[in-house]
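These notes open a run of structures that come right after.
Okay, so subunit A shows up in both of these, paired with subunit B first and subunit C after.
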Partner chain A sequence: MTTAAMNAAAASAPARSPGLWSLAWKRLLGDRIAIVSMVVVILFLLLSLASFVGLVAKDWNREVAINYAPPTLFKDSHKPAADLKAGAKDGGPAVDSGAAKAEVVNDRDPLRDVIIELKGQLGQATGEVDSGIKVVDPLADVMAELRKQLGRTGDGAVAQADEKRAEHLPFGADKWGRDVLKKVIQGSETSILVGFAAAIVATLLGTVLGAFAGYFGGKTDDALNWFYSIFSSIPYILLVLAIAAVLKQKGIVTVVLILGLTGWTSIFRLVRAEYLKHKARDYVRAANAIGASNMRRMFVHIFPNISHVVLVQLSLHVVLFIKSEVILSFLGFGVPVDTVSWGSMLNEAQNELILGYWWQLVAATAFMAVLVTAFSLFTDALRDALDPKLK
Partner chain B sequence: MAAYIIRRLWQIIPTMAGVILLIFTLFNVVGGDPAYLLAGKISNPEQIANIRKQLGIDEPYWMQLLIFVKQVVTFDFGASWSTNEVVSHMFASRLPASLMITVPLLILETIIAVSIALAVAYVRGSFTDRAAMVTCTVAQSISILVYIIVFQYVLAYKWGLFPVQGWGNNFGENLFKFAALPILIALVVSLAPNIRLYRTFLLDEVNQDYVRTARAKGLSENRVMFVHVLRNASIPIITNLMIQLPGLLVGLFLIERFFSVPGIGREVILAVERSDFPVIKAITVYVALATMLANLAADLLYKAVDPRVELK
Partner chain C sequence: MTTPLLSVKNLRVKFRLDKKNSFEALKGISFDVMPNQTVALVGESGSGKSVSSLAILGLLPKENATVDRASVIEFEGRNLLTFSNAEKRALRGSKISMIFQEPMSSLNPVFTVGYQIEEVLKEHKGLAGKAARERAIALLTEVGIPEPAIKIDSFPHQMSGGQQQRVMIAMAIACEPKLLIADEPTTALDVTIQKQILDLIAELQKKHGMSVLFITHDLAVVGDIADHVVVMRHGEIREQGAAREVFAAPKDDYTRALLACRPVVDSRPKRLPVIDDFMSGRADQMRLDQRTRGVKDSDPVVLEVKGLCKDFVSREGFFGKRVFHAVKDVSFKLRKGKTLGLVGESGSGKTTVGLTIMKLHDATKGEAWFDGKNILAMSEKEFLPYKKRIQIIFQNPYASLNPRFTVGQIICEPMVVHGIGSSADERAKMAFELLAKVGLPEMSFYKYPHEFSGGQRQRIAIARCLTMKPDILICDESVSALDVSVQAQVLNLLQDLQDEFGLSYIFISHDLAVVKYMSDEVMVMNNGEVVEQGDSDALYSAPQQPYTRKLLDSIPKGLGAHG
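So, the complex of A and B:
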């Protein structure tokens, strides 16, 4: 470029020094780990978005394979079905029968209810269902007989029982023959949704309270600090469990509220410190001089200058809440029974592992580990990019 | 010093009042009427009224709050709703099992985490350092549940190195037989985040001028790292330890639950599952108190470690 052209360019568009965000973006793109982890996170987000709008894994609840169908890659090496079940019937390990009982108790499958009901009408022993569940399509003949007797052509649920089921699936199947791959995608959706929603709730709460405490100081600061000290003196997980004990109705909203309402404390402290630092700066006093209101000064003038702190905290808390949600759901205090999450999958996997069915455990663990690792690395890179001094 | 301690203890009172108010709001106002829960499925109005009277929840809220405050102050939370065991007795009998896992864990974890952090901080920026950090990040992303499930299955169930679960009556048997695997798992889980944390604490120190001076005057690397750097980095490390302390008591609840260890953490889970409010209330209030006292102790420890620290 000639000097003249440069001058012309400079004249037409006054030289703009790159802002914080574009600099940070450039630094982020210069970091290979950051790019890889960002791509992984975006892939997960797209996957759960696709699952959310129903493009993939919509029918995760359908029983498409035989019970505990092994993953395709391991279909030859894994032949547990016959001998393990025989072992279980011969009285096997004590844990096994306990697990089997738990399965029956936890059974909320509409199809099975229908079958039990229909069998009851036939006057057959319903107890048979318990042991029959594990055998491939055990009620085929019963269903055929039923159809004849009742003259039913069968609704969707009943018809399903007659379908040909797969012997193996790419990721295997769970105890009802549901596709583990679809379950784990559905689980990603739940966990990511809860993680993000709870992180947004916590960040909003922490930022607004922190802004008020830091900006106004005095009595407001004292009151909010008191509030903060209450929440921070109770260990996080204990507070979560206490609230879970009180809130009876289960649901994704409840989990989000539990996590969001308890997890805002560290954000509050950081944001408060930032506002304390910024409120006396010249640009805020200038805003005051031109008559900007308190709210305007807090959220229009100061907030953009501390938003990088908030963004990093948001990112950190997504990871934290995804992990917490998994534990809550595992314990049965999290998402409701008809929703699948990584935590509820791990809960099922715990009993399955003893029977030798490891694929659900591996699928849930692998998906979670990949997302959380990528998200943590991305958060680290984001922090380094936004605050190069820290490095 | 004495004035400082008294002032800090005095400051605990309003926070404690807040904790009591929060727990009270949660369990007595939001929590709804537990009488129906306790009476079970077959209940009549007299029964319900009777239970309400027994629990004191037919009183107005301010009266209930007074009862709760009295319970906190006198350590008398009455009996558990589900097992009828006196709550204070429950605490006393569950604490040893929790401590049996927590105390060895804390000692081992601190020694191992600090040594590894020192080693990786010393070779900072090298391949070893980066490999260790990546390992920690990945190890941290795997849920604690997976560690417990897999370790219990492989080490105890498959290989039979440890008992799958259980607890004995004998101190030695408990410590070396039943607590061994829980401690091992807790160690593996807590090492990764702590090594990362301690490494950053140490890295803050290794670039300081006094380290250069120590090297310049010819001190051995051992002396520089173990005496100069470690002593200065010990303040944030102590903070981290003290902050972990009260949470550890309940924080091991998953491990206690999996291994049927009769500790406080398992009791919390059982109480939440059974909606056993007195037990949860008692544990929450006292653990909050313990947290505040631990924070105070941490501040006092700073003074002992670093004479420059001024207590205000």
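So, the complex of A and C:
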């Protein structure tokens, strides 16, 4: 080869070598399962983002169908709904029309919050009511009075809503005739938000504490390990209850904190072990020799070498926390009642199932199963891509 | 002429790298191993010597290695390449056996050595129970393990490296194989132990009438034991012949280069010839240019260490603790622009001395005067400005560079830490200059360490130290992990830098010849104590202490045994 040709070859070669991340990305793209699961996860993320900014499922709280409207595919096989529909048309139980009023005037109704809270207390009892037995809503008169004072008559609105109510929806409707599809999308937003936020909190905590324990060793390590041992020896649910009691208010932030504060332990252990391993490596000693400070050695030198472990843990914990959020909300420690999540949907479905209204359960479970499976597969693929020797 | 025991004919092995590329590790090599003969396969890393041994044993990785159809490996007249897996298994351990480089990782740590030897006997000889145990004890006796009846029940970690290698040899000869393949069996061992193991292999070879295929990168090692030498490079055989002839009158330039680029005790050329010099015929005149070493009292002292001690304390039991004296009362003076060599076997404390001076370990006692101040008494903060003036190059070039940093980041990092250079551009410019100085192309700046060979990585490590313009450079076994020809290049580079910048080196190594080549003064250490200290020429020509003499006698002479 002549010098000119060699220069040309050198010039045409990529100037920068691929780093860890671009190589991992390349490997990830070579994995078919990884691509499919990544697409599914991204779709979910886009969906919840769209719901977050209000593009879809903004009006999930509106009662657009009859109570327990069946999914379109099963509209013929579900008679109980038809009975209810009849009940709803001829006035129905007082509680239903009262609730309908509240929902139709939704945003403008100053009583909305009161009604929702009342409904929360009463919903359990009244929801299962058969059309044959008439239950008189003890609050109906009070509310009518209140509305009159405020210069609004809900009657017209009720009539309108009744006319518009659909008899079946693609995914069916819930107790109040709200669209289950919109609810489940809204639920994805909550669950994914909680999952990611809690995973980030837990990973940050676990990584920083793990780095300190592993890097400094000695007394720092002893203290943090002691803390870790105490923390992980308390039964999980008890800990959740304790933190919930301390934080005192329900809300997404509370759930994120509960999950984040209880979930850092396994990351702590792993990161600590990695730091223990790496701090004795020659390149860290070399960094010490050139005068890099402890913090610089910990986070500039060592961290890039263990960041793939942290990333995989983050991904694993997103899955874990999505599941945990569902469990917490199902048990009633999770998101508040005016927020919908997969867990609260499952909670509602508990009572509906006995009446044969299975669609809310199926919708929430199906969405969750697809996301969790896709995310788990993606995590596996990510781990393989980041550590090809593991295969 | 007798028929060969093993005959390798036109062996070609290819490794598939990815879908498109493959790499030809062996390009049609042929050699014979006669019965009762020791054949040495010599070459640097990447020469294909280990691939050959794996091919003979049928241990090549199946997923990506392919052996050419025309290749033949004949053992006792049968082609091994056509053997079924079961046949190969029956052959391995009984007729052909192997010893590896790392005895510690080749022995299973959770079983006693006796159990592991007995397992071989059970598998291939059908011996069990008392008979197997007796045979195992006999084998351990044969390989020279003291108190074999007791040692048979010990675990690998309870033995020294040399003893572990002896156990490996006992396992390998347990079934009286016809052919013993020894893959770098002494590379991980100290010189004195190396000599013992070599003697043992030679003795066993004669006693059992077996053939030995000895694989090594170090031509000097095989001089004592080999009958026939095969020199390999890049998957090809460069030269083969009787050991006497290869050593006395090497025909191939590459063989001559291998013999010459290793420093020897009795000559000190200004520059070590490297392979390129031989290929272009410059080597002969270079050898004549000798360098003089030694120190004069008028040379200024840069570093003076007085009574340095370092203890390691380990907890034992609940209350007890055990103190291990790694360094005991070491004192020396390092003079400007000169090299102090530190030699000793593993565990002698030579590395600890280096790390303690750099304050990578806290000293237990002692002083180190540098620039009019005792640096050992300083706090971490006070020491920081001095840190850049004393630098260290570690042994393992694969471990001492951060794998997630590009070479550019690695070289710029010390400048960032010490605030050298005002902007990123200025630092990059300095980094490019240093890369050129250590003989690396500019492109390296953007690459990651794993894309470089061991010698190149060591150059990167040197460039990193040079950014801080140190006064003292501690080279901790810095060339021990490198091939001999690369070692010569790095030694030449270190020498050039010393000439140019007037650096003072503390050169730590177990390789006496290398230390002799580099040093003005030498300090011999054993069990943490200084055994002997003095001018390097004087010390090597007339060692005063028996330990020094023993060390010097263990140096493989290469030609020594043959004339």
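Operating definition for what follows: the second predicted complex is superposed on the first by the 285 of 391 C-alpha atoms of A that agree within 3 Å, B and C clash if a C-alpha of one lies under 4 Å from a C-alpha of the other, contacts with A are read in each partner's own complex, and residues count from 1 in each chain.
The rule is short, and it goes like this: contacts are C-beta pairs under 8 Å (C-beta built on N, C-alpha and C of every residue); 3 or more make two chains touch, one makes a residue touch a chain.
Being a predicted model, the structure only gives us computed values, none of them experimental.
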Worksheet item: Is A:242 in contact with subunit B, with subunit C, with both, or with neither (first, second, both, neither)?
Response: first
Item to complete: Name the contact category of A:301: first (subunit B only), second (subunit C only), both, or neither.
Response: second
Worksheet item: Now for A:223: first (subunit B), second (subunit C), both, or neither, which partner does it touch?
Response: neither
Practice prompt. Check the contacts made with subunit A and report whether subunit B or subunit C touches more of its residues.
Written response: B
Worksheet item: Touch check for A:346: first (subunit B), second (subunit C), both, or neither?
Response: first
Discussion item. After the superposition on A, what does A:331 contact: first (subunit B), second (subunit C), both or neither?
Written reply: first
Worksheet item: Just subunit B (first), just subunit C (second), both, or neither: which does A:20 touch?
Response: second
Item to complete: Give one of first, second, both or neither to describe whether A:46 is in contact with subunit B, with subunit C, with both, or with none.
Response: neither
Worksheet entry | subunit B versus subunit C as contact partner of A:286, first or second or both or neither | second
Worksheet item: Taking the superposition as given, does A:55 touch the first partner, subunit B, the second, subunit C, both, or neither?
Response: neither
Worksheet item: For subunit C, which residues are in contact with subunit A within the complex?
Response: 358, 360, 384, 387-388, 391-392, 394-396, 399-406, 413-414, 417-418, 443, 446-448, 451, 461, 464-465, 468
Item to complete: Mind listing the subunit A positions that touch subunit B in their complex?
Response: 226-227, 229-231, 233-239, 241-248, 323, 326-327, 330-333, 342-343, 346, 349-350, 353-354, 361, 365, 368-373, 376-377
Fill in: subunit A residues within the subunit C interface of the complex
10, 13, 15-17, 19-20, 281-283, 285-293, 296, 301, 304-305
Fill in: Parts of subunit B lying in touch with subunit A, wherever the complex brings them together
14-15, 18-19, 21-23, 26-27, 30-32, 137-138, 140-146, 149-150, 153, 157, 246-247, 250-251, 253-254, 268-269, 271-273, 275, 277, 280, 283-284, 287-288, 291-292
